[in-house]
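Going by the order they are written in, the chains are A, B, C, D and E; count residues from 1 in each one.
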Amino acid sequence: QEKVVIGFVTDMSSLYSDVEGKGGATAIQMAIDDFGGKALGQPIELLTADHQNKADIAASKAREWIDTQGATMIFGGTNSGTALATAKVAQEKKRVYINNGAGSSALTNEACTPYTVHYGYDTVALAKGTGGALVDEGYKTWFFLTADYAFGHALEKDTSAVVEAKGGKVLGAVRHPLNASDFSSFLLQAQSSKAQVLGLANAGGDTINSVKAAKEFGIDKTMKVAGLLVFLSDIHSLGLKNVGGLLHTTSWYWDKDDASRKFGEKYFAKMKRMPTDVQAADYSATMTYLKAVAAVKTTDADKVMEYMKKTPINDFYAKNGIIRPDGRMVHEMYLVEAKQPSESKKPWDYLKIVKKLPGDSVFTTKADSKCALWK
Amino acid sequence: MSDFILETRNLTKEFKGFTAVSDVSLNVQRHSIHALIGPNGAGKTTCFNLLTKFLEPTSGSIRFNGRDITREQPAQIARRGVIRSFQISAVFPHLTLIENVRIGLQRRLGTAFHFWRSERSLRQLDDRAMQLLTEVGLEDLADEVTVNLPYGRKRALEIATTLSMEPELMLLDEPTQGMGHEDVDRVTDLIRKVSVGRTILMVEHNMKVVSTIADRITVLQRGTVLAEGPYDEVSTNPEVMEAYMGSTDAQLQGAH
Amino acid sequence: MEFFGISLPGLLSQLLLGLVNGSFYAILSLGLAVIFGLLNVINFAHGALFMMGAVITWMAMNYFGINYWVMLVVAPLVVGVFGVLIERLLLRWIYKLDHLYGLLLTLGLTLLIEGVFRSVYGVSGLGYDTPDLLSGGTNLGFMFLPNYRAWVVVASISVCLATWFVIEKTKLGAYLRAGTENPRLVEAFGVNVPVMVTLTYAFGAALAAFAGVLSAPVYQVSPLMGQNMIIVVFAVVVIGGMGSIMGSILTGLGLGVIEGFTKVFYPEASSTVVFVIMVIVLLIRPAGLFGKEN
Amino acid sequence: MNLKNLAVLGYGLLFVGLLAAPFLGAYPVFVMKLMCFALFAAAFNLLLGYTGMLSFGHAAFLGGAAYVTGYAIKVWGLTPEVGLLLGTAGGAFLGLIVGFFAIRRTGIYSTMITLALAQMLFFVALQAPFTGGEDGLQSVPRGMLFGLIDLKNDLVLYYIVLAIVVAAFLLIVRTVHSPFGQVLKAIKENEPRATSLGYDTNRFKLLAFVLSAALSGLAGALKTLVMGFATLSDVHWTASGHVVLMTLLGGLGTLSGPLVGSAVVVLLENKLGEVGHFLAETTHIDWFNTLGESVTMVTGLIFVVCVLAFRRGIMGEIIAWLTRRRGAGKI
Amino acid sequence: MASTASQTPALEIAKLEAWYGESHVLHGIDVVVRPGEVVTLLGRNGAGRTSTLRAVMGLTGARKGSIKINGVETIDMPTHRIAHLGVGYCPEERGIFASLSCEENLLLPPVLKTGTPGMSLEEIYDMFPNLAERRNSQGTRLSGGEQQMLAVARILRTGAKLLLLDEISEGLAPVIVQALARMITTLRTKGYTVVMVEQNFRFAAPLADRFYVIEHGAVVQHFAAAELESRMPILNQLLGI
């Protein structure tokens, strides 16, 4: 008798733990419970582990779960390095691999596999979302503050491409080191460029620090500040006083509609925090997987993948979401703006949706894809 | 080759405006025991440090066996055969006595960098090491760990190790300092014994030792040479008596 | 007027900003130097103590509404008391050992402290607002300088100079320096060295916490904030040479400025420039700029 | 039985155990990873335990070599053996550079220099185009050894890794007991004296540094081959901290200590979560479930306890205990 | 002259045992020093004379027995409090501080609250002109002998009346040794109490009022200066003089 075992390995203690972490595990467990706790007549099991942002731990955990615990699906978490390494293991072992936390578009591009589903956001979507929407709104000249490593470069490149394609202009960029504590000097350089938009091609603490310093130096008065990768947890910890007006793209927001609010409140009851878009995606993806298993009545990865790829996803997270041949789940994204403190009416009332971005407009196109499975 | 094994010309060392050694021209005769004495702070240790290049001279030159060694590195000078001992005893405390001596002998094998070779290859040195230990009367303690040794024995071991380098010139800085009377006598004898076929330059405050074994004495004062000559001549030099030995004859013998 | 394509006002403003960062380096490397001096311990936990200063300030504001100015005094005191505990309970046992154990003990301590704070506060960083008195900024003509940043420079340089004065010019300082070399003998002269050691560590910890409080409104307050700082500060210390108190202050400030300029001329290298300087300094002066040989 | 025979017996059992491990249900990939770290720790100990130089930058050699090997195999398409060689050479080269600066100072300064230089390499690895930044260098194929043996099979690779690690370990043992090792000991004990005996102590220290770095590099290279990727965590300073912990916990300056220490630390890192779940189940204390997220805290605690109460490390204590018992037995 | 003070000895050591870690170095030392006396501890290398002085200062490991300074029991006191009873200690290894200048070294030991003022800086420089000349040099840049002078001079300033001097003539030129001998004579006339450890018998012999001979961590002989002649043979045997 086949048993569904989900292995979830993510960063539970370090840099990215607020984005997904334990909250992700909670969301997955909620999905399992809502599904009835059983699949194929057997209780569904959830294994979790902290990969401490080390690829070798993530990969060996996944490998071990598959070999010794019979994991049927691996849920990979934040941090692109670990995600790519784990995806490889899942491919080798022929197991379904779903990822929400990692941003790297490589997962469904040059490193795509038949078993990978990249469910939530990715860097291309963020870039196209924020970049495209802002140019449409008339913000034509850009200056980037870019984290000096592959991730930052990718964000900057993707966004620049969109900005230029839409007739905007990139006036320059300055590269800052990872975990730079002080951004003032970079910001002065940005300011003297006289661009309309300051694009923050960085993440986490770097984004927070740059937004904070932009406020301090009054740069937000002359430039529109756009974060390219911002999570609800970042906004929460910084406070609206520091981030009010920050534009960015997200794959989901708890206050976007009734169904989302319902999920948000249910999650809040458990965790005393509102879910991030990644945690919401964790719930939705688990549901999608379990429904597929129930439908094909087996955990066989090929069959499950086939079913998932042909069945549209409709829930509080995605409307008519489609998993493409390259593994990318295509769904609507949202350009949002952080509210000013005065606009916020209740706890966690942080964002207003500026624009809905149809999935086709934000994710990689077939023409750009380097994935061999989608040719 | 000149009769002098070591010659310095106008050797000078200045420390930030203070001249510790100034214009010292020293000639050390081959196969002699040469003592360097002088009041505290005269610059004796500094002189040693210059000769072995533990300090860089401000000016002047050092010739060893007729060759200018003023620009050479400490280890290089050691390899030429100029070996020093320290004012504080210098042994390898957690090695056994025989290993201590072998460290000195080992360099000659040319395998010091051979990390792939077994240490058994060092056994060929054991005979020579034992011989050296016997020379200083430590043969029975060969396999003891050095830390446990009394002070005087450590000095003896140090001399054995120094000998293992086959030094042409040994520089001894206060070899009897901090020793009991028996040890002093023992080390004095030892120095005399090993001086055969070698040259020894030593700093010593113990006039008894100096008077018994030194062939020639240089007296330093305030960094300059005050007098030079055999013991009897130097010790009766009024300037030396004034500056170093003190006035009464009793005390002359009596510093130790 | 332009230099290498950057206007003079631009340069001036970068110089000022560099000084701000340099101030943090200066206080932290000063604390390290003081602790290293008397305890002969490289205090890896310095970064964690720095972080504690900031987080405690944040906690006081959020749980008790205690404002910044009070915390500027209270946080260093609290962390200083914590330092007393560390010294009395842990460090005390390892003085006789090789210095490597001090480094490892404080490294372990760092992991522990950071772990605890992390499990409570997560890592995304906590916001702390600039105190009202110092919000806003001054237009200096060539730049807009937030008042708070100016305050950071003034406050940290004053603290550094006061420390320098005490250590180099007073009797207490002489005890400290002598105690550094031979604590037992200084004790035999009638000085209560164990208490002096404890207080020194506490003082170093308090300095780190002071820097932490200063940094709270500028940087994000996060359990990991010390980790990124500490290694750079180690490099600062190597460059300065820990030979003198003034040396560590000047080196800290100087490197802050150099790092600032690097951010303008070649930002890619701004995270490595301190290490590159370290290499160059070591080639020319193995003992560091202000260090004494041997 | 005397201590030496006991040690030989111990190593023998360990070797046989490793030979049989895959058939006893051990996880080959995991054991290979363990062996890589054991080699890393042993190489580190060669430097710290036998020259007294504490390097806090060994991650640079492990991680640097991992990238070199990964790049050589993946991008240049070289065979695994060439990749391993290049990785080791890369480690040695980095060791030469870091060592050159580190030996200019002694003690704690030298430690900080290694730390700073390694941190510099970390930033290079993060920013350089060829390392893949935080994605890491992924999908490194194992390839065919000498163009003949397919390493895709875990078991085949397992025995090759075992052979390499054992050979490297034997080299370390030999180095410690070589003429070179003797001079190292002398330098550790009294450096000015060694100089005055004509030894260029800096060159000896540098060679020790390079050897240690090369072997650490080999460990990193092997790890890339086994895991199929090289990522930033291997060059991060915490990896340097880990190897210090492994050595300290196992027993500084003992040959077997690093092996034991690395096993404990790697197990801890990978299995603490499971231990926590187990404890939670048996004791019904829910808190234990979160133990898995507290690896750093537990690591920190071990550091503190080790330094305060347990300085000889596991093997150090065992050896001391055996020696004492033997001594007591004689009386 | 000090007949009333002789009621309480300046230093009274009874059944003193001391350890360094596990090694037991003193096995029962009994020494009594009256105020104003100069007492010399003789013995071979490693006999335990230095350890006796260190034990008085609380610088060894564990201690057992009794050490009274001016009648105050100090066996359980921390080192810094012992010093405040009016004890000045000049260690065998000199203990000059490298980070302090010569003069800072000289001024380092705090003046004790014993009521009696110590020597002034001028008096000290008078006694040791070398130090006056090198007053601004870094402490450890002084020559071996200069450092020895500094180490002695340092404790004359504090007002300590009980001086523990370990091998102060070691490594000094004869002229300086003579100066030191004169200094000790002067100190005695000023009412200082001195306990000396000396290898250099000829230096110590004319200065001391009484002698103790220590062997293997215990006192084996003690006698007054007057008995010195008669004890020479046995001393020769014990010390190899």
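The working rule: a residue touches a chain if its C-beta (ideal position, glycine included) is under 8 Å from a C-beta of that chain, and two chains touch if they have at least 3 such contacts.
Computed from a prediction, not measured in an experiment: that's the story for all the values here.
Peer 1: Chains in contact with subunit A and with subunit E: which ones?
Peer 2: Chains touching both subunit A and subunit E: C.
Peer 1: Treat touching chains as neighbours: how many steps, at the fewest, connect subunit B to subunit C?
Peer 2: The least step count works out to 2.
Peer 1: Select the chain at the greatest separation from subunit D, using centres from the mean of Cα atoms.
Peer 2: E
Peer 1: Measuring between Cα centroids, what's the chain most distant from subunit C?
Peer 2: B
Peer 1: Comparing the two chain pairs, does C-E have more C-beta contacts than C-D, or is it the other way round?
Peer 2: When the contacts at C-D and C-E are counted, C-D has more.
Peer 1: Where the centres are mean C-alpha positions, what is the separation of subunit A from subunit C, in Å?
Peer 2: The computed centroid separation for subunit A versus subunit C comes out at 36 Å.
Peer 1: Measuring centre to centre with CA averages, how many angstrom lie between subunit B and subunit E?
Peer 2: 31
Peer 1: Just the number, please: Cα centre separation of subunit D and subunit E in whole Å.
Peer 2: 53
Peer 1: Which whole number of Å gives the spacing of the CA centres of subunit B and subunit D?
Peer 2: Distance between chain centres, rounded to whole Å: 44 Å.
Peer 1: For subunit D, give me the residues that contact two or more of the other chains.
Peer 2: Residues 123, 127, 293-294, 296 of subunit D each touch two or more of the other chains.
Peer 1: Give the residues of subunit A that touch two or more other chains, as numbers and ranges in rising order.
Peer 2: Only 13, 17, 148, 177-178 qualify.
Peer 1: Which parts of subunit B, given as residue numbers and ranges, touch two or more other chains?
Peer 2: Residue numbers touching two or more other chains: none in subunit B.
Peer 1: Taking the top-of-page definition of touch, could you list the pairs of chains it picks out?
Peer 2: Listed by label, chains in contact pair as A-C, A-D, B-D, B-E, C-D, C-E.
Peer 1: Can you tell me which positions in subunit A touch subunit C when the two form their complex?
Peer 2: Checking each residue of subunit A against subunit C gives 13-19, 148, 174-182, 184-186, 188-189, 192, 204-205, 208-209, 212-213, 216-218, 231, 233-234, 236-239, 241-242.
Peer 1: Okay, in this complex, where on subunit C does subunit E touch?
Peer 2: So the residues of subunit C touching subunit E come out as 171, 174-175, 177-178, 180-182, 184-194.
Peer 1: Which stretch or stretches of subunit C touch subunit A in the complex?
Peer 2: 10, 13-14, 17-18, 20-21, 115, 118-119, 122-127, 129-130, 137, 143-144, 146, 148-149, 215, 218-220, 222, 224-225, 228-229, 260, 263-264, 267-268, 270-272
Peer 1: Would you mind writing out the residues of subunit A in touch with subunit D in their complex?
Peer 2: Answer in residue numbers: 12-13, 17, 22, 48-50, 52-57, 59-61, 63-64, 67-68, 79-82, 84-85, 88, 104, 106, 111, 148-151, 153, 177-178.
Peer 1: List the residues on subunit C that touch subunit D in their complex, please.
Peer 2: 36, 42, 90, 93-94, 97-101, 103-105, 107-116, 118-119, 231, 234-235, 237-238, 242, 268, 271-272, 274-276, 278-279, 282-283, 286-288
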